[in-house]
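Each of the next two complexes has subunit A plus one more chain, namely subunit B in the first and subunit C in the second.
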Partner chain A sequence: MNDLTSKQPLSRSTHGAGSMMDNEKLIAESPDLRTTAKIKRETITAVGVFGLTILLIFLSRFVSPALGGWDQVNTVLVLACFLIVVSFGQGIVILIGGLDLSIPALITLSGVLTASWIGVSGDGSWYLFPLIMVICGGIGAVSGIGIVVLNIPPFIMTMATGIIVASSALGFTGGSPRGGASPLLLGLMKGNVMGIPWIILFILFFCVVGVLIQSRTTFGRRLMAIGSNLNAAVLAGIPTGNYIISAYITSAMSAGFAGFMLVGYANGATLRMGDGYLLSSIAAVVVGGSSILGGRGSFVSTIGGTLLLTTLGLVISALGVPQGWKTVIEGCTILFALLLLREDLISFFSRPKSRK
Partner chain B sequence: MAQAPASAEPSAPENGLLRRLFSSGTGVIALIYVVLYVLFALWDHSALTSGTVVNLANNAAPLAIAAAGETMVVLARGFDLSVAGVISLTNVIMAAYPMEGPDGAAISLLICLAVGGMVGLVNGYLVSVLKLQSIAATLATMIICQGLALVILDAPGGTVSDFVADQLTDVVIGVVPVAGLIILVIVAVWLVFQRTAMGIALYTVGSDEVSAQLSGISVSSTRFIGFVSAGMLYGLAGFMLSAQTATGNPNGGASFLMLTFAAVALGGTSLSGGRGSVVGSILGAGTLMLLQKVLFAGGVSSFYTGIFQGTVLVIAVVFGGLITRLSERRGAR
Partner chain C sequence: MSNWKKMAAKVGLTSAVAALALSAAVGTASADQKKFKIYLSLSYSGNSWQSEAANVVKALAATPPYDKMVELKEVISGADPQAQIAAYESMIADHADGIVSFPISSTALNRVIKKGCDAGVKFFMYDATVTEPCAYNISYITSGFGENSAQALVNELGGKGKIFLSRGVAGNSVDKRHTDGAMAIFKKYPGIQVVAEYYSNWDDRTTQQETAKALAAHPDVDGIWAQAGEYGAIQALMDKGNKLVPMTGENSNGFRLALANPEFQKRGLKGVSAGSPPAQSGYAFKLMMEVLTGKRDLKPQNIEYPLPWVPADQVKPCSGQSFENGCNVFPEGVVPSSFVTEIFNPTLLPELTLKSALDGKPTPGATIQALAADVVVTAPAEPGINCQKCEAPKDLYKLTKIKATVN
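Moving on, here comes the complex of A and B:
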């Protein structure tokens, strides 16, 4: 990653007769700079996405003087926290070459159960929160088992569980969800500690843990191996089935947790509370430079993607643009990010400069 | 899996057509449809009257046409999420700018087809020329179309012209629903298209891109044509939806996203490309809509329709895969 500008000593003696011996000697002596000169693809996308987000926050000062300060960073983090949690799960599933379409249904289910079982009183929180997580995890396991054992494509399996879960949530509430948020959830989403909102501390902690899980643990490395080449992963002795199922469990539990957070934020549940998170989670992962075919991507860039999309949404709202144009601009941003992240552009930046 | 048609055909002298139907999944879905209809007829005695049939055809037509379009993309190993955006957009155009009379309807239809075709052109360019991943690229175009729909009509409302709303949901020659006739035309066009060089190229690109390229098929132009024809079919689906609902809804297409893919998968089309047919997808769409009627007739609360839709989807895919594997094994012997 360093030594970008250093020239190989080769160029000094390419002219003149009798330099053959010199050349060979020099080649033998010259250090191999090829690996050090290459910038990792993940680094480029992460820097790009975060850079764009910061630029956007600075530029937003021109839109409205109220924007562009720490307050706005605060708002962005609070608004992005749901998407960060959901995109962690979606990112892990996309990493293994799958796709989780059941996320909105799981967010809704978790939200509806939280609001009605735990409710405003918060009685029984100590066993009901874990129980709801287990239910969500169990649904994720069903998706995973269907994909691994029954060999159903992920797209279809998670769509089927999504439809079933959404329909069950509808039936459970009879069409009108009741209840509200317990003090614990309200505290997490609205409370402060030493002037810093709890939720921001929590989301920073979540991001660090998420990044470590995805890039530093065996679990994360093996998921990446499965995504880049399933057959090779099988031959390498990875119990691929278990890992794939746990990826879907992780995604389902992330969605379930986002459900808790949304109930705390909105002090209640609705049957459509998860709807916006399917496409935006895929968008965040894709804008973060992950390949939708799996095997490539990092949670750092995905976090960048969620922040970029959230900031953009805020800035456009501040411009007072009608909802329709706002949506059009969001779509164009995704397209723009995709075009910037194209293979040939990335390889232009990451190719070893010293051998040009 | 992609070799199913190739290995099933040579060994099919006895009951070739039947086995080919089943190994492509079209037979499975046709069987499911018939069984469901029998159940429907047992529970609801009006099931066999022409009114019910017309109603079913009208309800299923937009989804069936959208699923037919999606199949064109899925067969060439792609995904097209723009279906939801195009349906919303065309529906809103129909409601915001109604044009009376048969001429008006024809112009509206042309506009819908043009809008869909244009979105298809953009998708095709992004995917086959710029080499973007199809899910990601069409996600972006879908969001843009949804936004444009909101720009044209920011809340549900507007009225579709009476001619379109009345004539297209009516019957011709006393019994045949217009919507059913349109679907039959699409099936007929598909059956011809399937056998043209273009149709075969679509399957080949879907099952093995490299060998398609090596055998002289232009992969990018095949995908391009797939996306454009899919877009035009979504436009037609939006047109038919407008005829059915007679009003505009900027989010009207959103519910089509999942259902379209469900219909395609139910119809036995492999989501990894190269296997399946438009006919299967149309039957898949019909089954999803019929299921709602059957459950209603059976007294199941409409809340729980999704549980059955999801279960049927899983069963159909598992069953379809099983039959493919069986026929492959027999074909190999």
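Moving on, here comes the complex of A and C:
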């Protein structure tokens, strides 16, 4: 479908092909003297989000004297690790201008399969972990194929796969998921190495790899190109269909991996374990400064977004106010963060000096 | 069978007659006996409690002689009152004889229930209740889970300490009843300080994460009062370090095993397991069948299910598939830790085994045992929970399971 639509602009653009090449040459040769280039928008967002998080951690000392220390950072990192992994996938899908609503269902499916197939004493069946990942990836591929080949809007397509997957998980378990976490998962979520929890080391590693994939690989850059302008990406010769499908596969596998982690954390699976990771993953990506329309965003800022949201949740739960007010405060703070990271405010800081 | 009937109706009168003749030839007993059309209406499914409660009803409906008398259909409508109203509407339109149901709201369903009652449908609600007076409510809600468990915690803490309240679903009438009962006790003790209160949606994982958050701010907590999801609170404590604290919670297998674990006791875990039993659905179903078959004359009313109450020293693991010799928990690995243990009741539901609760299968060889003539215990009126314009008794939060040992 994309190839069909792309033919028209392609034939039109052949007329101006010569002048375009000249332009490109010109741009490539002239040195970039603008001062804006020194501070990237992404950097400002990332600094802003991380700054807010750190500020919040310091301020939380006033809420409770026990907060504001390494212990709290530790708790935030452990609680945020699921959201970080899920948001990596959601972020990639949002980057190409899509949306993945099947995440909660995939988390649940992966959790239910892990608990029942691998179970408590299942280090001998470690090979089932990759198998479950392949199943999740396959479901992501189905979503992606529906979106690319059948041209179904992403949120309808992923909603449909999500409902099918969630219902299959309900049918598979008959309502009560059996089994528990294998020693491998328990070790990952609860174990320590030299006083540092394994999960924190793991999540740091995951973040580094995630950032590299999204901003340093051809894969990441091409996804961004697709999100900025699909037609331009087609013109540039990117096999857009394959990339879009792989974005959904990535998101599904991230959700599946978060399912493993949740099984290790809660030592078992429930059919509602994925609830609460759909909206919060979208919120983390958007608070992290990514455009919901695609084409812009960095995983560094998304990590900042997840940490900000988790810290906020933690501090608010420590406030001695009724639940209604807690939710109001949470909403207001997210709104405040979004206002603070607004386009015009950022462009104010990164405005070229010459214009002043 | 139901599909069969539908097909026959579609094909036409001749084949319907043929089908009737056929069924008459095959089984004379079932041919002249009208089957009761019973609906099992769940609001949402997705946790162990709901599926166990549904399986108990399915198992009883398949136990002789009810297997020949009952045509049971299950409808899961979701966590939205509107959807359950629509589900009730279609059951009434289908001329149901009875509906055994977990109602999602205590007030939103009233109108459609009244409509059903006028059409001759019997409504039996289990666990959650409705305020419509023409429905039967069978529930433990009025049995005082909140106040009794709160007093147990106060006793363990010697009347002073910092505690967490791990609550259910925000805005839900059941959560409010439990918490009101508990607070009525906690307020009597100035030494008891509620330092954190959070909604855990009766879910293990949510409880674990919310408790972890509260522990970050209050690592010096002395006790936890929890509704369902309590196993998550223990896990959060263990994630944090070695210290465990006295806590009360509901009936998950994991919590009961932890209470009885000598190592956990050494680390500070004490408490009691009480709360909502899935077995209520089976009791509701049996009562309904006795009313429908004319064996029991019972006007619509509020019926109390006794509060399960298992302190740490009374936890007793079961060796087999059933609750024998007063055992009340299954060994690790037999059922998941989120499994709700209170599925059996030797006096009310002797027909059931573990298989009934897990798979909805009847126990081989079992037959339905009649309930005792004087089994019904009337529940006290509680406005907004089981009646509309009524007054709660003055001693609403009186203690029934435990006495205060501290002043």
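Criterion: the second predicted complex is superposed on the first by the 315 of 356 C-alpha atoms of A that agree within 3 Å, B and C clash if a C-alpha of one lies under 4 Å from a C-alpha of the other, contacts with A are read in each partner's own complex, and residues count from 1 in each chain.
FYI, a residue touches a chain if its C-beta (ideal position, glycine included) is under 8 Å from a C-beta of that chain, and two chains touch if they have at least 3 such contacts.
Please read these numbers as outputs of a predicted model, since none were measured by experiment.
With the two structures aligned on subunit A, subunit B clashes with subunit C.
By the document's definition of touching, neither partner reaches A:212: not subunit B, not subunit C.
Of the two partner chains, subunit C is the only one touched by A:63; subunit B is not. Of the two partner chains, subunit B is the only one that A:155 touches; subunit C does not reach it. Contacts of A:292 after superposition on the shared chain: subunit B is touched, whereas subunit C is not.
After overlaying the two complexes on the shared chain, residue contacts for A:55 are found with neither subunit B nor subunit C.
With both structures placed on the common chain, the touch criterion links A:232 to neither subunit B nor subunit C.
By the touch criterion stated above, A:271 is placed in contact with subunit C alone, subunit B being left untouched.
Once chain A of one complex is fitted onto chain A of the other, the partner contacts of A:163 are limited to subunit B, with no touch recorded for subunit C. By the touch criterion stated above, A:193 is placed in contact with neither subunit B nor subunit C.
Superposing the two complexes on chain A places one region of subunit B into the space of subunit C, and among 243-251, 261-269, 279-287 or 315-323 that region is 243-251. In the superposition on the C-alpha atoms of chain A, the part of subunit A touched by subunit B in one complex and by subunit C in the other spans residues 170, 174-175, 323-324.
Residue ranges on subunit B touching subunit A, taken from their complex, read 79, 126, 130-133, 135-137, 139-152, 154, 250, 258, 261-262, 265, 270-272, 301, 303-307, 309-311, 313-314, 317-318, 321.
Interface of subunit A with subunit B (complex): residues 99, 101, 146, 150-153, 155-157, 159-164, 166-168, 170-171, 174-175, 279, 282-283, 286, 291-293, 322-332, 334-335, 338-339, 342-343. Touching subunit A in their complex are the following residues of subunit C: 45-48, 50-52, 54-55, 170, 195-199, 201, 203-206, 208-210, 212-220, 232, 235, 239, 333, 335-339, 358-360. Those residues of subunit A that touch subunit C in the shared complex are 60, 63-64, 66-67, 71-72, 75-76, 78-79, 115, 120, 170, 174-180, 190, 262, 265-268, 270-273, 276, 313-314, 317-318, 320, 323-324.
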